[in-house]
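What follows is chain A paired twice: with chain B in the first complex and chain C in the second.
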Partner chain A sequence: MNFDQIILLGSIFIPALASIVLFLEICKSDKIAKKIAYFSFGFPFISGILLFLRFDNSLEGYDFVVLFSRTGLQELNIHFHLGLNGISSPLFAMAGIVGMGAGITAIHSGVDRLRLYLALLLFMQSGLMGLFASIDLFFYYLFHEFALIPTFIMIGIWGSRDRKSIALELTIYLTLGALVSLGGLIALNVLVDAPNFDFPSLSRAVSELGMESSVQSNIFGLLLFGFGILVALFPFHTWAPRGYDAAPTSVSMLHAGVLKKFGLYGLIQIASPLLPDGAMFWSPLLLWLALGNVLFVGLVAVSQSNLKSMIGYGSVMHMGYCFLGIAVCSSLGAGSAVMLMVAHGLSVSLMFMLAHNLYTRTGTFEMDDMGGMASKTPLLACFFIAATLATIGLPGFGNFWGEFGVFLSLGEQTQHRLFLFLAALGIIISAIFGLRAVAKIFFGSASEAHSSRKKNNQISDLSFFEMIPAGIILASLLFLGLWPVVVSQRVDREIQTRFESQDRTYFSQTTPPCCPPEQESLDLNSSLPSKEKFLSNPEY
Partner chain B sequence: MNSFLTFSNDNIWYEIWPELALVLGAVIVLSMDLFSKRERGFPSMAGPFAIFFQGLLFSFHLFDYLAWHPTFDRTTFSGMLSQGFKGDVMRSFFLLSSFLVSILGHRYLKANLLRVGEFHHLTMLATGGLMLLCQSDHFLMLFVSLETVALCFYSLVAYDRESPKSLEAGIKYLVFGALSSSLLLFGIVLLYGVGANPEVWGARFTGHESMDPLSFSYLHTFLAENPDHLLLRAGVVLVLSGMAFKIGAAPFQIWVPDVYHGSPMPVTAFLAVSSKAAGFFVLLNLVQGPFGGISDFLLPLLGFIATFTIFFGNLAACAQRNVKRMLGLSGVAHAGYLLVAIMASMLFPGDSDRAVWVLFFYLFVYMTASFSVFGIMGLARTSEESEHDFSNYCNLAEKRPWMAFVLVCGISSLAGIPPFAGFISKVLLISVAYEAELYFSLAAMIIGVVISIFYYFGWIREICFKPDKLHDDDSLPVDPWETVTTSGFVKIVLISLTMASIVFGLWQAPFGNSF
Partner chain C sequence: MEKIAFCILLLPLLSALVTLLFMRRKGNVASLLSVATSGGILFFALILILGSGVEDFAWDTTWFKIAEWELRFGFLVDGPARLLLFVVAFVGCLIHIFSLGYMSDDLAKSRYFGGLSIFMFSMLGITLADNLIMIFIFWELVGFSSYLLIAHYFSSKEAAQASKKAFIANRIGDFGFLIGIVLTFWTFGTVNLVELSDLAEFDPELLSTILCLALACGFIGKSAQFPLHVWLPDAMAGPTPVSALIHAATMVAAGIFLLVRIDFLFTNEASNLLAVLGASMGLYAGFCALVQRDIKKILAYSTLSQLGYMAAAFGMGVPGIALFHLMTHAFFKALMFLGSGSVIHACHHEQDIFNYGGLRKKMPFTGITFLVGVLAISGVNFLSGYFSKDAILLVAYNLNPPVFVILYLGAILTALYMFRLYFITFEGMPRSSDADAARESPSIMTIPLLILAVFSIFGGYHSLYPQSIAGVIIDDLEFAAQLPNHLWMIVLGTFAWLAGGLGAKYLYFDSKRTDPLESKAPSFFKLCSSKLFFDEIYGFYIQRIQDPFARFLEVLELLLISGLLVKGSAGVAGMMALISKACYVGRIHAYGFWFVVGTLGFLFYASGFLGN
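What follows is the complex of A and B.
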């Protein structure tokens, strides 16, 4: 076992062990508990970045592979199999970074029963790291559940208003999604019967087996809707904003930022390349549903006056772009979706964290009760504006490359141009609610209740421990925005081979006659760079 | 004379020594209670003896029969009993379960000032009956052992003679049990009547007249030859109805909540685990043995029953506030899931026993989870013991952390939440159902599991989450957890059950390559 494998295992098991230590109340003092928490949030953070840097870019497939095969389920071809590939390594690093941010926020949040809080959060972190490091699909699912279950408990114990009913709603909703997707995964396991229950073996077995397209579309449907519920796909999204609204900040950060990427990751890594006919079958419906995410949920976000629910709806809205990227069934779309997943994870967790910082200063999430904060807290205002711009998708931040790529992939095919036009409207919508929130909170005159607090000098700027995580996350967003090739190159290498067959069918498709002629004006193909150029050239 | 000789030569009493030992132990327990000097203040040794004896018997049986010298398939007692590895697994299962019932019962009896000796006596006798039931290869043996078990349970359910609820539950169980026994008996009679009579209308005989018409192997060939015979089908349906009563499957589930509610807590656990497991194993024997020939007729029937059971159990449990009734109804839902495994075992491609092993694993997991839940519930000191409401568990996590931990782990395992073993057992069940292509039952199962989250998580919510300040004033006048004392032994047993739930959820290698 070499160094890389050890830190890969460590990034999963150190948080888990720390969680058990804190849970069993072995140490009675909060001070030591905080130190343990720092260490065990820091380890995945550092190992995520280290493994991201040490990842062998020339390698196709998995790096840092760890295999333990005697799990007792070997008859079902299930083995404990860890490793990172081009798609998972940026997400793994992102999980480490967001986990660090959420951890520091939690340590300094001053909740009651802090040790239990940290224990559950660390357990969640361990599940998140394991999720992206799993090659075996069963453990991929299992780690997801490890991360999911603390969410329910933490919302129930430390949540804000209506926490009990929201915790129950969330549990039922997400269990439904998890079980439907589990049904899809087991169907894959049983029907394909590959020697290992992981993507490479499955895809080899599928290519030998030649699965029928009706079977493919059934399984893809199970996976799509199972994962879709977990990612808050349009008609199944209602749990998400309510949940984030009620959840304590660190949980919202980890859930909206990292855990929700589980379903998208599954669709990109497994479902779409393995079941191309199924993906094609569901693509038209998925396009409309994703558009529902972008436009419908986006408009709902505009009407929110509560900052936290606005961020919640906004995050659900941006999931729509990821779904659009998946729905076009091409390597460009899927690759851009991965890019957007990484960037969105960072930006939405930053938003939740800053909203929490605002809450500790103003005592409210209602944007109408804030106002004129920029004069007192210039640094917080800076961070918040940067995060908002990142969410909108301004060039310079990682989100831009993701959204831009999704638009490009939509533009490649004439039948998708209508969606391109409508999805681009989403940018305007997110600019409306994002910038309006900035204006309401930081500029203008303060409300009465708020101005008295301001007068008494109760409002201070960001402290050191609030700045560190915000700084780290913002720096990674900027890094991603200015130098996307570090991510896009390895994603590209992984995705190109997976989506080879889909790309072939995709580019050979003729334009259907139903496409209206006025769409011609939206033809961006000639003026925009080709996808190879985009995904591998740092200049873009 | 000659036939008598073969008969007596065929009775190898050694083969059923665990049952005999159990009966001997039961008699010793009873006599210990008889001769103990209770009036002089000596505590009766019957309880500790029963626990120790059964623990010893269990470990001996586990190692000797399962680990070191696995039994070959063979029949003894002139074809009355058939023994094999699977039967031995179930024997160990029942011994373990009755060991746990005795431990929980011992504490419960002391706390509620009930008589000790008879309880352990009846438990051990019932377990002996269950063990014979699982090996029976003949309808006569099946009925006799089933009645032995049922008689013990009738008195166990009504054990708390001071409590009207317990008596009422006893009467209900007696009435429903008698009904189901009569249905079973009538079904057996119909099978016998057609099977033993060559002149009966419509049946085909191809020269098995020398065989015993009630033995499973004869009925297997006979039913396979006459799959469309109306009387035989009626007999099969009636026999299945009798078994459906045992496992609490719809439409014979109606006794479950009332009897669970009224009976003393350890008896509820005993009913929920051992009685149900026996029902399933017998059902498995039946559908793979005598009824194997008419699986085309049975599958739709069982499929309908399974779906109905799953939906009834889960939906009815949602409305319950009393946890014992809720657990009873959720047990009905579990019976529905297990019926899916039974169907899968009938359909399974090839001769693979995977579905059977999945059934065993599920039962084992169900046992660990149920005993930890019932064990904690038995510790509570409510004024009227059976009134276990959700509100009694309000904020238990802060009052008694370890009890809440055991309870929450048990509930989660029942609900099938990872990392507990209940999750793995459900995954295995789903995968087996997929392989058997039971898509409809599978969908019902998945929906059922999602519904079950509502009531299981509702209970966890009460345990873990602080009550809202608004409702503080209507909290209970007496806190049922305040004066609870536990011996270290009970604590160790409950914690190890919880550990088993967690360990087997993460690592199934001890079960080998069975799945």
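What follows is the complex of A and C.
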């Protein structure tokens, strides 16, 4: 076992162990508990980045593979099989970064029963790291449940008003989604008769056996709606803003930022590449639903006056772009969706964190009750504006690449151009709600309610411990925005091999098969980039 | 060569980062750093311009790659780029120096100068970029820096609204631009400008009007043309040097630069449309400027009108002359904006021209340089504006008579409102105590004025520039020189500015605190003041249509999805529970009955009685 494998395992088990230590009340002092928490959030953070940098891009498939067969489940062909590939390694690093941010926020949040809070959050973190590191489907799913269950408990205990009913709604929704997708995964496994439960053998089995289109579309439907509910696909999205609204900040950060990517990850890593015909079958419906995310939910976000719900709706809206990327069934679309997932995880968690910082200063999430904050808290304003602009896809921040790539992928097929036009309206909608929020909160003069509150207690700017996590996440967003090739080359390589078959399907569809050869070079306008045509023409 | 280009691009970014990280409280150091940076940019830009001669220079590397989308980070330093690079670096440097004086009392100097550095970075990015997506990236970034700088005085409601409006209006333009880029990518298979121009020449059938109009949306947003022009006058809520740099000399002109960069993609229909659109903007903005009282808004409308001239020149197929006017306009408009800044600074941020008066005697330096700007923009013979504007008029006269009529009326109007501004502000008697107490600004502000005034006078002689800058405009100028009716045009041009100037003298010289036009032609005045109700229409749309629609969707979501679907499915589950509970009646003969029915049913089924 080499260094990489050890830190891969460590990033999953150290948070889990720390969680158990805190849970069993082995240490009684909050001080030591905080130190333990720092260490165990810090480890996945550092190892995520390290593994991302050490990832060998020349290898095909998975790097840092860890395989334990003797888990007791080997009879069921389930093995503890971990590793990272080009898609999961940026997401793994993102989970570590967001976890660090959420962890520091939690450690300094001063909630009641801090040790229990940290224990649950660490457990969640362990699940999140494990989720993206799992090759085996069983553990992929299991880690997801590990991360999901603390969410319910934490909303139930530390949530805001009407937390009980929201926790219940969330539980029903998410377990339903998880159940449906589990059904899809099992059906997939049983039907192709794969030797075991992991991704590579599944895809081998599928490619050897082949699958009928109708079977593919049934299974893809199960996976799509199961995962879709988990990612807040329109119209199954109502749990998300309400849930994030009620959840404690660190939970909102981890859930909206990382856990929600579980479904998209499943669709991109498993469903779309293995079931290309199914993906094609559902593509038209998915395009419309994703458009619902972008336009419908986007406009609902415009009408929010509560900052936290606005962020929640905004995040649901941006999930629409990821779905659009998946729905176009091409490696460009899927690759851009991965880029957007990474960036969105960072930006949305930063937004939730800053909203929390605002709340601790103003005592409210109602934007109309704030105002003129920029003069009191210039640093917070600076971070908030940067985070807002990152969210709405300003170049220079990571989100731009994914969004632009999705738009680009929508332009490839003529029948998708309508969706390109409608989805691109989203850049205006998100600018409207984002900048309205900035103007309401930070610009202008203080509102009446706000200034009376200000008289009573002094409003201070970001403290050191609030600045560090925000700085880490913002720096990652900027890095992703300014030097994207580091991430994109990893994603690109993996996505190309996975989506080879789909790209080919499209290629053969758009090329008219019956053209006479000399005319063919002229008729390819829509499918072949003309540059090649231009270069291949000997007369030029 | 690419190292110099990188220096030009990264210097301001570095300065912005250093300011943000270490100098938030050290405003004076930050301002000096920023000014030094702008000097460095000018230095490297001159090396790049003079060093590359007339050769085009291109360089690129991979920046991003997913599947078939490979984005290269590259530089293309050709004629238009060199010209704009010179304008941005030169005017930018002067405005930075001016800002030292203008912003000397400001509390948030480091934010201001940091913002200027971000702006320089993004603007230089547009200038040097070699492909459309890279242009788009920096395009959005200049929008962002403009947003930041408009919001400089963020505690005023006006600035808060204006910054938001500017960004969103730009986003609407970018929406079309983005779609245009996507379509370009899939039509041509590349977004690189050089490859695009080769392909467009190779296969003209690939061009389409929709495509180039979509791309032109970017220009409409950034250059504040109809129907997105509403943001520019409001953007005057920012500090005056920002208005000079961003909203007059460079950023808004970037729209024209974009058009010139992609002119090979334009079809005739699209070009004609742009010519008409630009010319109408030239006239419309002139009427708006005629009745404004705020000195900066007059200049803003005048910028809109001049951008319309550039668009008209582009639309008539002489992009070189559009660039030429871009350059001379940058000189005299920056001069006038800085002059107005000097006036505003001296009069304690009073901006109503009817509260000025007699300022030429109080601040002779500002007054005279301002007059030079007024003369140049009005097209007085042998000043810079004369050469560029009359070249546009001449081309229009020969090629597109309807456009010429609009542009010519606009030219008379330009002289009228500019002289109006000059007479009311600088001549007559002071009309407020602020104006009476005004003193000439310090030399750090007047020296940039002097330099710009020199360029406004002599900037029209293209042979004074090195070949590497003027090369791109010479072809089109020679084309214009060969057109007939030259002499006739000189007469007409001279008449235009004389008529405007004398009209202004008759109307406005020695006027009181009200606008004389208001009493002489009240209905005309009202019509001009309404600006054709664009702001009202957009306001109506946002408040009465968009926001209620968003709220309606919210209610719909609450009722249909949360209410009907979620609560409804919970209800269905509850109903099922009730039904199944009803079966557990707890009486033995009821269970017995169902048992017998079940068994019989099974037997029937098993014996094939119910079909196969």
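The rule we apply is simple: the second predicted complex is superposed on the first by the 503 of 540 C-alpha atoms of A that agree within 3 Å, B and C clash if a C-alpha of one lies under 4 Å from a C-alpha of the other, contacts with A are read in each partner's own complex, and residues count from 1 in each chain.
Everything that follows uses one rule, which is that contacts are C-beta pairs under 8 Å (C-beta built on N, C-alpha and C of every residue); 3 or more make two chains touch, one makes a residue touch a chain.
Because the structure is a prediction, the values reported are computed rather than measured.
Within the superposed three-chain model, A:72 lies in touch with chain B and out of touch with chain C [touch as defined at top]. In the superposed model, A:443 lies in contact with chain C only, and not with chain B. Within the superposed three-chain model, A:362 lies out of touch with both chain B and chain C [touch as defined at top].
Once the two complexes are overlaid on the shared chain, A:293 sits clear of chain B and of chain C alike. Set against each other, chain B and chain C differ in how many residues of chain A they touch, and the higher count belongs to C. With both structures placed on the common chain, the touch criterion links A:19 to neither chain B nor chain C.
Of the two partner chains placed around the shared chain by superposition, chain B is the only one that A:175 touches, whereas chain C remains out of contact.
Overlap of the chain B and chain C interfaces on chain A: residues 172. On chain A, the positions that touch chain C within their shared complex are 169, 172, 235, 237-238, 296, 299-300, 302-304, 330-332, 335-336, 339, 372, 374-375, 378, 382, 385, 389, 394-396, 400-401, 404-405, 407-408, 410-412, 417, 420-421, 424-425, 427-428, 431-432, 435-436, 438-439, 442-445, 484-485, 488-489, 491-492, 495-496, 499, 503, 525-526, 528-534, 540. Contacts from chain C toward chain A in the complex involve residues 20, 24, 62-69, 111, 133, 136-138, 140-141, 144, 147-148, 151, 154-157, 159-161, 163-164, 167-168, 171-172, 174-175, 178-179, 182-183, 185-190, 195, 198-199, 202-203, 206, 546-547, 549-551, 553-554, 557, 561-562, 565-566, 570.
Put simply, chain A touches chain B in their complex at residues 70-76, 138, 142, 145-146, 149, 152-153, 156-157, 163-164, 167-168, 171-172, 175-176, 179-180, 182-183, 186-187, 189-191. Partner chain A is touched in their complex by these residues of chain B: 354, 417-419, 423-424, 427-428, 430-431, 434-435, 442, 446, 449-450, 453-454, 457-458, 461, 464-466, 468, 507-515.
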